[in-house]
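Before anything else, here is the set of structures, which you'll find just below.
Two complexes, one shared chain (chain A), two partners (chain B, chain C).
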Partner chain A sequence: MLTRLAGLLLTLLVASVVIYGALYLAPGDPSTLLAGNKATPRTLESIREQWHLDDPFYERYWAWLSGAVRGDLGESFTYKQSVGSLISDRIGTTTLLIAYAFALVLVGGVLLGIVGALRPRAGAGITAVSSVGIAVPSYVAAIVLITVFAVELGWFPVFGDGTGFLDRLWHLTLPAIALALAWNAYVAQLTKAAVHEESLRDHVATARSRGVAEGAIVRRHIVRNALIPITTVLGITIAGLVAGTVVIEQSFNLNGIGSLLVQATSSKDFALVQGISLLLVTIFVVVNVGVDLLNAALDPRLRTERRP
Partner chain B sequence: MHGAATAGHREDGVTGPAPTPPAALLSIRALRVDLRAEGELRRVIHDVTLDVAEGESVGLVGESGSGKSMTARAVARLLPEGAVTGGEIVFDGEPVLTLRGAALRRFRRGGIATIFQDPAAHINPVRTIGDHLTEGLRLVRGVDAREAERRAAAMLGEVGIAGGERRLRQHPHELSGGMLQRVMIASVLLDEPRLILADEPTTALDVTTQSEVMALLSELSRERRLAMLYITHDLELAAGVCDRTAVMYAGAVMEVQRSAALNDGPLNPYTAALLAARPRVDARSDRLEAIAGRPRSAFEAPEGCVFADRCPHVEDACVAERQELRPLAGGLVRCRRAEELRGRLGHA
Partner chain C sequence: MSGALPIERVIPPGAARRRLRGRDPLLAGCVVVIAALVLMALLAPLIAPHDPDASDILAANEGSSLSHPLGTDSVGRDILSRIIHGARLSLLGPALVVVAATVGGVAVALVTAWRGGRVDTVASRVLDILFAFPGLIFAILAVAMFGTGLVAPVIALSIAYLPYIARVIRSAAIRERALPYVEACQVAGMSPLRICWRHLLPNLLPYVAVQAAVSFGYALVDLSALSYLGLGVQPPSAEWGRMVADGQAAILNGNPEASLYAGMAIVVTVLAFNLLADRLVRRTAQ
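Up next is the complex of A and B:
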């Protein structure tokens, strides 16, 4: 457990160096970007001083990191606002979108996969549909969904994030579907393969030979064991959904972290890009640890301490 | 009888079922099995006829590919999907091969329990030993959890595993192979069967553990007067623990005899060859006798006698026609020259 925690911190530390260093190494003089092309050398000078641009790398990195640990990610120079408050204003929408999409993947992907593995005839259809699902890029899905369900049928709003929980859910339905679609298909395929593999195990034959009812065999010996690979796939899915919000929030004009990152990148708002990147990396690392812990809980072979 | 209906509705070409002796708990008659491989049917069992009486232990011996394990799977109704069967299997007066749905599940919970070759694969690795042991009691017979655990812990003691209560919380990977096979035996006994199908129960174990586990299984089943069909490639071991021994080759039973008689007076040249091929501890020899050629699977066996192409006593007539299993000297043999070779076979 302790080694796992140390590994987590080390990963974050390395990631933070890369995130900070990447922008440091990016071409162009940040002061010119900040002040514009026509700035006088005097203005540039004062900007460089204000943003500590002339300090050595490790000093600036340290100042940034120690701030980040205290929750201060610096100030965005396009918004003239703290990065922390910019993120916290938008994190709700993004979290809800990801949770919504993940719920769809759980119900759609995992359930379809299980049914597909146990009912070969349904399985063929599920494979065909999910192959299409995997192949469709999320922004294409977004356009189709908006055209059909928002513009033509008018069942859902075209864009915006809404106010109040139910209204927000209603606004986020199409984005969540577009975001979940490909992952749904991917999870369905892998779940189907995992469940099928487990259904052929010898211990399943043992249970069958003892006269255990088929439903109990599926629950206790097939799905239970398949949960281990499925958990791993779901971890990858969460990471993928987080990354996918960048495209989806843009497509549906949602005011979330993803669209904030796109704006920050195009305006070279270093502090903002760094803050969001650090947040995303932290999420990935935490999800990974969560998957490890879940797998250890599901698979006794992973949690036995080694004996001499 | 049930047999007539069964035989009529399967296309097995058997003219009328052979009479089943009333004493037999398990009766296998002219069993034939084809498995589907790459779209075509492939024969794995030609003709297996064998009885196991109440309380009797019968060894079924053969080389790999002889069809002995498939016979066990047919009896336990665990043949792979798409398998086609002929002949009949009757357990306790009920034809087994035609059972479906609820009747099949009733049959499985009611009397035959299987001990599999590789306990590590046949016990769910993510569930506890206690789960495995009590599953049959709780899920199939509705015994409540506490009572089931009490019985399971007691049964672990009987199969020689101390600390039952603690063991119930352990997982399979924390136990050795020999221990796991004891757990498997305990789980089978907890289900209170009338017949144990032991499919090479000791093959995956160390030699020293093998004899311990075998002795345990044999003792416990005798104690409870359970019938046992013991499948193995080890002729000597089978003869040592079983009342009668059947020898299989290329998907057919070649000979069935009382175990004591088999060693000294094999009736079939194949049995004699098997006995001769066995390395002996008491007599040092520079070379081992090997049977010429390689073992045949059922689908590649010759047209006439299945052993004809490897038999040292083969004659033209042997190659010409299939041999039937027929009674001789209190046993059963499938060989046209059995009477004439009797007494000349064996390793004397």
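Up next is the complex of A and C:
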């Protein structure tokens, strides 16, 4: 448990050094990278001071990191606004999109996987469909959905994030489906494999021979034991959805932090790129550790057994 | 040396070929599709019916015809020719990523499996940290540093994919290293480098092939996503991800062909590599 947390901190520390150090590995003067090409000498001067660019590397890094922990990530030169407020304005849309997509995976992927494992005939079909589903990148799914449901049928809006909760959900439906599609297929396949493996165990056969009701066998003996690989996969899914929003927000012109990262990258707005990357990597790492902890809670063996 | 050979787990080449031909049409199908895609990329200028960059505003958004089998895009370029030429950049990037990540990953795996102990512990920790970087975000960071194009994302993705390959090959290499023939080679006085190169590596090749095939699909999805976002291959170069993005505006006018066909090319390629990996896993497991 403690080693997990220490590993978490170490990983975050290294990640932050890489993200911060990228500024100095990039060709060109860091102050120009932070202030943009058209900055006046005066702005450059204030940037050098604000970012402690004349100090040694570890002091600069420390100033940046301690600022980041307090939520101060510097200022974006394209927006003339603090990176923190730019992110907090947009994080709602991104979070809602990820949550929506995750809910779809949770219901669709896990359920399809369980059904596929227990009903062999449905299973073959689910395997075939999910093999294709995994191969469809989110942005390809997006253009197909836009073509069919937004343009041809006109059921959903083509672009934008909408106002008010229900309107937002309606606007985010196609993006969430596009984002969730490949992960749905992936989770369905792995859930199916995990449940299938559990269903072949001796204790399941024993329970069946003793006349335990089939529903109880599935719930208490099969799915319960398959939960550990399933949570691991769901953790990978959340992490993948976080990275995936970067692409899908662009497809649907959503105003979230993913599309903000893409804009910042094309305009070389370094402070903004660093801030968003740091946030995304932090979410990524925290989710990974969260999955480990959840698995330990689900499986008592993992708590007592010492890991090699 | 000669005493070591009979203990090796060698599948007779004839037996493997027979199994492939007799029992796995899906595997054969994947190989055919992939070979066709590679040929298409190599021979693009010879087989493409039109110049992929020649636009003709008067012939924009045409449906399929004899002259343009897949129609034309919003500036009148032949979609089929762009997809054929697009195969070059679309497949080159992932190929480079797979080669770099596989060579690096296998090297790390062999060194850590062979040396064990502290080298293994330290390397595993470093790999754990690398796992924290989602490939796509890492590639975007690289683009922010070095600018758009294929070079920065290819390097970034090679680094991001390395730990996945290293981890799988490492555990296979540790199992392989424990087999008696390795000790026999050592007793026979072979150097570790020679044992790894001549005996371990050939026996690990099925695992390496599976990882390479899986990585190719993912690298293609990630690289064409970057081009789709406008951070990778720049217009007017033909590349599938770029083509999906370029055609997106025309979807609203009811002309989704350019985007859809390019997207289909990506899906077919990724599917072929994924299924190939799937079938290879089944064969190594037998």
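Here, the second predicted complex is superposed on the first by the 278 of 308 C-alpha atoms of A that agree within 3 Å, B and C clash if a C-alpha of one lies under 4 Å from a C-alpha of the other, contacts with A are read in each partner's own complex, and residues count from 1 in each chain.
Note that a contact is a pair of C-beta atoms (placed from the backbone, for glycine too) under 8 Å apart; a residue touches a chain by one contact, two chains touch by 3 or more.
Values in this document were obtained by computation on a predicted structure and should not be read as measured data.
Enquirer: Answer with clash or fit: chain B and chain C placed together on chain A by superposition.
Expert: Overlaying the two structures gives chain B and chain C room side by side.
Enquirer: If we overlay the two complexes on their shared chain A, which of chain B and chain C does A:I134 touch? Say first, second, both or neither.
Expert: second
Enquirer: Scan A:I238 for contacts with chain B and chain C and give back first, second, both or neither.
Expert: neither
Enquirer: After lining up the shared chain so the two structures overlap, which partner does A:T265 touch, if you call chain B first and chain C second: first, second, both or neither?
Expert: Second partner only.
Enquirer: Give me the angle at the C-alpha centre of chain A between the C-alpha centres of chain B and chain C, rounded to the nearest 10 degrees.
Expert: 80
Enquirer: In the superposed arrangement, which partner chain does A:P300 touch: chain B (first), chain C (second), both, or neither?
Expert: first
Enquirer: I'd like to know which partner A:I228 touches here: chain B for first, chain C for second, both or neither.
Expert: first
Enquirer: Touch test for A:R220: chain B only (first), chain C only (second), both, or neither?
Expert: So A:R220 only meets chain B here.
Enquirer: Which chain, chain B or chain C, ends up touching more residues of chain A in the combined arrangement?
Expert: Answer, by number of touched residues of chain A: C.
Enquirer: Determine, under the contact definition given at the top, whether A:A205 touches first (chain B), second (chain C), both, or neither.
Expert: first
Enquirer: Of all C-alpha distances between chain B and chain C after superposition, which is the least, in Å?
Expert: 13
Enquirer: Which residues of chain A are in contact with chain B in one complex and with chain C in the other?
Expert: On chain A, the chain B and chain C contacts do not overlap at all.
Enquirer: If we count contacts the way the header does, which residues on chain B are in touch with chain A in the complex?
Expert: Residues in contact with chain A: 76-78, 105-110, 112-114, 116, 118, 121-128, 131, 135-136, 139-140, 171, 173-174, 191.
Enquirer: Which stretch or stretches of chain C touch chain A in the complex?
Expert: 128-129, 131-137, 140-141, 143-146, 148, 217, 221, 224-225, 228-231, 241, 244-245, 247-248, 251-252, 254, 256, 259-260, 263-264, 266-267, 270-271, 274-275, 278
Enquirer: Which residues of chain A touch chain B in their complex?
Expert: My answer: residues 201-203, 205-213, 216, 220-221, 224-225, 228, 298-301, 304.
Enquirer: For chain A, which residues count as touching chain C in their complex?
Expert: Listed in rising order, the residues are 7, 10-12, 14-15, 18-19, 22-23, 25-27, 131-132, 134-140, 143-144, 146-147, 151, 158, 239-240, 242-243, 246-247, 250-251, 261-262, 264-266, 268, 270, 273, 277, 280-281, 284-285, 288.
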